[in-house]
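Please read through the structure below; I'll follow up with questions.
Every chain is named by a letter (A, B, C and D) in the order it is written, and numbering of its residues begins at 1.
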Amino acid sequence: MDVLYFAWVRERIGIPQEAVDTQAGTVMDLVEELRGREERYAAAFADISALRVAVDQQLTDFDAPLSGVREVAFFPPMTGG
Amino acid sequence: MDVLYFAWVRERIGIPQEAVDTQAGTVMDLVEELRGREERYAAAFADISALRVAVDQQLTDFDAPLSGVREVAFFPPMTGG
Amino acid sequence: MRIVVQDAPFDLGTEAAGFAEGRAVSGAVVTFTGIVRDVDGGLQAMEIEHYPGMTEAALTEIAEQAISRWSLEDALVIHRHGRLEVGDMIMMVATAARHRKDAFEAAEYLMDYLKSRAPFWKREVTADGADWVAARDEDEDALGRW
Amino acid sequence: MRIVVQDAPFDLGTEAAGFAEGRAVSGAVVTFTGIVRDVDGGLQAMEIEHYPGMTEAALTEIAEQAISRWSLEDALVIHRHGRLEVGDMIMMVATAARHRKDAFEAAEYLMDYLKSRAPFWKREVTADGADWVAARDEDEDALGRW
């Protein structure tokens, strides 16, 4: 599965995108897995209330299931317009 | 004093403007005076709830005094925009 | 502030771009454009009568009210009179403000007042003749919210 | 409906005039334009990041919602990304409807959703460095009215 990071999430983790091989059942499971990797991930995911998530380019929440999903993106609240 | 007519008021009375020599104290007094002139005036002023009035180019109501006034205009509700 | 009353057409593109050009104080520009619409399929023309002198004064007063109430950086009102065809632009307003809410509200205020408080009268010409457009209660009611 | 996401500038005049051109069904066209504003006097640039693919999909969905809810004849959304200077136009929306109330409401709806539901992130560059713009509670709250 491709995992994408935008804005300060991208800056904190240090890369815009990576392929992740995971058995995580939900977005939250994936977050826990990433948090356990390295300090920069733990820092980026420290407060998930400050984050938003899209699964296959649709906004969703952290309970969303990941079966069959190709792309997950993490980013701060959007500031368009 | 110049009296101006617009839209269907102008059409009903048949002229866009005329000089009126009057001692009328208020707009309503002027309306009564004009009504007494001819049928076309009576027809135009039959229902003043369907009319609006401006005195010296400021919207006002039929109680407005006319002393020192140079221009009075009668017209239907406006339909700009 | 610019108030224009004319029978000639105006160019929306030029006006909108000119109004928005180089604004560094305002983050938000709203425009509204009114177009002659063929409501029932038989409209041949729209004729607009106005009250020269009072029209400019009324539009100026309405725009000044909007600028003051919403702290606008600028406002523009253009209104045509005379004979217009279906698809022709009748009028436009533009507002520039720091925030979008102010720019939107001020533009709606300008439109609401312009509809019922500026001395214009529309007449629709069809194959059956010409009829003055009646003022709509909902346009008068719209003023109640300001 | 037209959705444009690009780093190149757009021409408000051309876009507004093209959008309004020859409309005989719609009597009302509203445009909103967002401009880079120097809030505290030290802004050197605004950088806008987005999520290619999702951005276009999200804007399309938002515009389709607006068209359906207000029976719009048409809607346009243009949004830039990349580096912008003070005074540059960031984005615009346009709506065409029969009545002004619908055109205004639909444009405000597009703006409210675009602010908080389209994947753009703004960063302000000043002499002190660059900071991501924080989402404002009032932008999130604005969605509550729809």
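Throughout what follows, a residue touches a chain if its C-beta (ideal position, glycine included) is under 8 Å from a C-beta of that chain, and two chains touch if they have at least 3 such contacts.
Everything numeric in this text was worked out from a predicted model, so none of it was measured.
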Practice item. Could you run down the chains that neighbour subunit B and subunit D together? Key: C
Revision key, fill the gap. If chain centres are mean C-alpha positions, then the most distant from subunit D is chain B
Practice item. Let me have the rounded angstrom distance from the C-alpha centre of subunit A over to the C-alpha centre of subunit B, please. Key: 72
Check your understanding: What whole-number Å value describes the gap between the mean CA coordinates of subunit A and subunit D?
Key -> 26
Exercise for review: Measure off the straight-line distance from the CA centroid of subunit C to the CA centroid of subunit D, and report it in whole Å.
Suggested key: 23
Exercise for review: Between subunit A and subunit C, tell me the centre distance in angstrom, where each centre is the average of that chain's C-alpha atoms.
Suggested key: 48
Review point. Residue numbers in subunit B touching 2 or more other chains?
Key: 81
Study note, to complete from the structure: Contacts with two or more other chains occur in subunit D at residues 34, 100, 111
Review point. According to the definition of touch, which chains form touching pairs?
Key: A-D, B-C, C-D
Point to revise | Touching residues on subunit D, where the partner in the complex is subunit A | key: 34, 49, 51, 53-54, 57-58, 79, 90-91, 111, 114-123, 132-135, 139-140
Revision key, fill the gap. As the complex stands, subunit A meets subunit D at residues 4, 6-8, 10, 54, 57-59, 73, 75-81
Point to revise | Touch list for subunit D against partner subunit C, complex | key: 11-14, 16-18, 20, 22-38, 86-87, 89, 98, 100, 103-104, 107-108, 111
